[in-house]
Amino acid sequence: MQIAMVGLGRMGANMVRRLLKQGHDCVVFDVNADNVAALVKEGAKGASSPADLISKLEKPRAVWLMLPAAITPKIAREFASQLDNGDAIIDGGNSLYHEAINLSAEFAPLGIDFIDVGTSGGVWGLERGYSLMIGGPKAAVQRLDPIFASLAPGAGQNIAEDPETGTAPRGYLHCGPAGAGHFVKMVHNGIEYGVMAAYAEGLNILKAANAGNSEREVDAETAPLANPQYYRFDVDLPAVTEVWRHGSVIGSWLLDLTAEALKQDPHLEHYDGRVSDSGEGRWTLQAAVETGVPAPVLASALFERFSSRGEAQFAGKVLSAMRHAFGGHLEKAK
Amino acid sequence: MQIAMVGLGRMGANMVRRLLKQGHDCVVFDVNADNVAALVKEGAKGASSPADLISKLEKPRAVWLMLPAAITPKIAREFASQLDNGDAIIDGGNSLYHEAINLSAEFAPLGIDFIDVGTSGGVWGLERGYSLMIGGPKAAVQRLDPIFASLAPGAGQNIAEDPETGTAPRGYLHCGPAGAGHFVKMVHNGIEYGVMAAYAEGLNILKAANAGNSEREVDAETAPLANPQYYRFDVDLPAVTEVWRHGSVIGSWLLDLTAEALKQDPHLEHYDGRVSDSGEGRWTLQAAVETGVPAPVLASALFERFSSRGEAQFAGKVLSAMRHAFGGHLEKAK
Amino acid sequence: MQIAMVGLGRMGANMVRRLLKQGHDCVVFDVNADNVAALVKEGAKGASSPADLISKLEKPRAVWLMLPAAITPKIAREFASQLDNGDAIIDGGNSLYHEAINLSAEFAPLGIDFIDVGTSGGVWGLERGYSLMIGGPKAAVQRLDPIFASLAPGAGQNIAEDPETGTAPRGYLHCGPAGAGHFVKMVHNGIEYGVMAAYAEGLNILKAANAGNSEREVDAETAPLANPQYYRFDVDLPAVTEVWRHGSVIGSWLLDLTAEALKQDPHLEHYDGRVSDSGEGRWTLQAAVETGVPAPVLASALFERFSSRGEAQFAGKVLSAMRHAFGGHLEKAK
Amino acid sequence: MQIAMVGLGRMGANMVRRLLKQGHDCVVFDVNADNVAALVKEGAKGASSPADLISKLEKPRAVWLMLPAAITPKIAREFASQLDNGDAIIDGGNSLYHEAINLSAEFAPLGIDFIDVGTSGGVWGLERGYSLMIGGPKAAVQRLDPIFASLAPGAGQNIAEDPETGTAPRGYLHCGPAGAGHFVKMVHNGIEYGVMAAYAEGLNILKAANAGNSEREVDAETAPLANPQYYRFDVDLPAVTEVWRHGSVIGSWLLDLTAEALKQDPHLEHYDGRVSDSGEGRWTLQAAVETGVPAPVLASALFERFSSRGEAQFAGKVLSAMRHAFGGHLEKAK
């Protein structure tokens, strides 16, 4: 089946590769011509501009956008103005699901279907396949089924649909109307932040398990370590994360990756600990707040990332200023 | 190899079954004679009392305790008083790791080895094997290697030891001296609480995704739902958890179980939402606090369990009393 | 000075009373005619409709809205359509500050000033005065200075303005352009939630200080209370909150109110513990999330309120379902 | 009345000063002889050693310890070995309340009363008085009533005892048997951490209210600021904290101090934001965990302090390693 891919970064390029392998006809465009050239070598058709891309597609056309969230609506509108009744635009990026609801309504009078696809799988998707959470009009989603089926992990594995969960066992799912795909993917990422933080905090506690071997200062500013005899373990983190992979309750793909990363770099010296967040974790929290759902774990996970980037510093200054004001406490030097 | 098992509940009985299958000689005891009888039928040797159990063991003896944390130290001491130099007591339950440090020091003068084994795998361990985190003296741990290897998931799979992580790929690991096994298992469970809570919060948010379809009251006590148009999704939780299992970043064994549970009972009507906690989550948090490690996600996960059992109610009363005092706000009826 | 007040609930009515006492000319309207009549008896001029209200005002008119957030924008627009160049609309309610930014821009072409006033003080404001956080165009704010000065706590106390903080020591402050007043009040309430929760959690811990006097079950589902001897205090909460009011670091007006409430009802039997939230706590969290500021305390305080109303129940069900799935754990009966 | 004070740091020295002013006879000792000399000039009797101190006291003696928690039990035992039946040792420091329970039981056979006094008030106590939370045997507490009354804020103010809360309105309270004083003070400090954090987070949000005025990068790693038009406020923190002091719901002594600190140093440039914690916040959390009381706000406040000192860094490294592993994300440079 023919599909256009716009945006050939880490995700977009690998998705094209996976589709090419499954025999699809991919027409590709990126503002960086080198990215286009690379995929042309691998069998894609290249386009030199959005207009060129559109001209190379047969109707009904399908244009998949794989772009940063900040620019997706603008680009989607540009394409919509050049497409026709019956064509489809797919947003496979990490956009706020509101956009899908809004753009879908905006494009409907033009007869252009807007489909939002939450795409999970990262750099491993090329090989493992991508878990796809899809929102949009049923007919358009069904028309694109060959694309979804090929991107998803079940491709080529002859997995039957399930009477209750449909295509879900094959790794893709039509989750509902416009926005449903990005909504479900948003919450997926919110959960991801929480799961990641659980492992990260636990490993940090294991790392501190030898705290009893070092001296803590004795002064009025510092809580004494009451029972140093209970904190004299030097935990082998690569081995512990490895053993947890086999039969423990917390086995997971994230744990697999963590164990591998620790094996390569047991003290994680390649990292400084400043953690980015790319939107969905924030939006998940905002959805929780708007609908009145308690989400303290997801919130804590998000705020830890903010703090890792120094964003709590002014709050710390306020606390130190208060402590000085009521107790004459001076900040301890680093 | 011969091993005694004391405590034939859910965990203990299945561990005996797994050991019997691998050809070990199991002598078993439980205060409930029916539990003993059941395993005798399956090939274990039964004992009618601790003394009887001990009399049926060859030296050096190995007595594995699989008991509630609250009574383990008492029973361990009772056995220690009847065992001899060279024998070993293994605590495979969910004891606080302090006990292992203390009991180990207490039994050392008797020449009795105390081994603490964190055992993960739940009711599935019989089939999948148990992930074992082991603490104690090296020689004793090595002597019991055949038992650990058989309980662990790698049994019969001919997996090589890893130069860096040793037996970890086979699902068991000597984590360090006395207490190290229970310490690592404790943190494992702390992480487990956090991971579970991440999924639970996320699914709760998905469930509320249709909040815009119901009316919210308009009064000064209630925040209006600003954008109901963004909350009109009826999310199919069994299908969504199923699709996440295939290629998504949050794939895990806990997710596998959750998807299956939702397939059986999509609204989880068999549950009321009052969640127990059995110790390790609390101890993990206390270790974090004592060593000065931030653990907001693990803490939030634990506190959600407390709250689910009504333990926040008095705090809520204080808040309502304050709101009444400063704003004349009355509590809204249920 | 003449001022119109629309919305004569708890807050609006008392503000009129305070203004009347300070000699202002108040024209009042409410959809409930009884509320109007009550204030007419106390010296206000009553109006029977918005149009009647407007007709009774001299130019430049000032109409203060004290209404639920959900209906304020609609009513503001209705008034704007009937007012003239040079008039002012003041929103003193708990509106999202976005509204002020939007309405201000909307009314500017009409020459109508929109002023947003965050108003703190609750039912005590009549007597103590209201802390006012004001946003809007400088000239309009200055024109209304006599009203703000009278509503604020400093009224009649001859407090000098401060060279650095201006009118702040008198209890009102022009915080910036449109929206600044409601923004600052929003964060004020976010802080309020956090402060309240800190007291509430602490008192809950004090209440549980006698946990060692009751038996906890011994089973694999329940963490044993390790050291019951440390939890045998019957804390007298009314006395403790009273003593904290005198010289302690946590003395505050909220503590004053809490101590009084506990004196009246030591076990807070008048309350069930279901706590409302009226918007600002949510919006504060959303501002934190949008700007990348860690706010785990404010988030936890908000989520505790959600949980107090049962909104965590489905998450609890998911946790219990997981525990059953991996460990065969059954939920304990209530 | 005669009292001995051991430990003449910030707190101890000022307490002696307050007692001297009220006409008490203070015998003082500190390992630093200069501290002794300073108070001798102000009217105290100096001692050159613990033995010298004891020799200068009339029976029944009362020795008040005002020392770091880490060394208090050791010093208390040294004094106990030199005191007699009927004497009293008072621990006014920030000790874990377990110590009071244990030391009290240890000294009881000697006839020595151990009294634990939680002392709040900081450097302001000299002038404002100290809020005292007292645990220990009733008779001993009553014997020392003149000392407590003089240290407390009510001294010289002729405040009547309250039929329900006794001496609480005068600023001191006998909270219960051994440990009760330190337990109540511990929770007081736990609350203090939460209250402080609520203000600190709120002020951090106000500080970020101009985020819309700066550009945020547009890339796949960074969530775009959706609505910059809502974040264009330059909030005057000294003025805002000042206005909140007057009539707002969040007025408090901590707010008074914060407003003053911000007036002196509006950007808190004297502080780096690394916040100490001195024990009680940790112990409060541990009490909450042991007794099963949800305390997410107090926990978050504590963990923010840990994080401010860099203790979350390894967790951040784990997160960055995971993000790299699944998504190829590189940490953004500082």
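Think of it as A, B, C and D in the order they're written, each chain with its own count starting at 1.
The rule is simple: a residue touches a chain if its C-beta (ideal position, glycine included) is under 8 Å from a C-beta of that chain, and two chains touch if they have at least 3 such contacts.
Since this is a predicted model, take the numbers as computed values, not measurements.
The interface with the greater count of contacting C-beta pairs, when B-D is set against A-B, is A-B.
Centroid distances from chain B, each centroid being the mean of CA atoms, peak for C.
For the pair chain A and chain D, the distance between C-alpha centroids works out to 43 Å.
Once the centre of each chain is set as its mean CA position, chain B and chain D turn out to be 37 Å apart. Averaging C-alpha coordinates per chain places the centre of chain A 29 Å away from that of chain B. In chain C, the positions touching at least two other chains are 122, 197, 199, 201, 204, 223, 226, 249, 253-254, 282, 290, 292-296, 299-300, 303-304, 307, 311-312, 315, 326.
For chain A in complex with chain C, the touching residues are 249, 282, 285-286, 289-290, 292-296, 299-300, 302-304, 306-307, 309, 311-312, 315, 326.
For chain B in complex with chain C, the residues that touch the partner chain are 9-10, 68-71, 94, 96, 122-124, 196-197, 199-201, 203-204, 207, 218-224, 226, 253-254, 257-258, 260-262, 265, 268, 270-279, 282, 296, 300, 304-305, 307-308, 311-329, 331-332, 334.
Remark: chain D residues 97-98, 101, 120-122, 125, 128-133, 152-154, 162, 164-173, 175-177, 179-180, 183-184, 187-195, 197-199, 201-202, 204-206, 208-209, 211, 223, 225-227, 229-236, 238-240, 242-255, 263, 284, 287-288, 290-301, 303-304 touch chain C in the complex.
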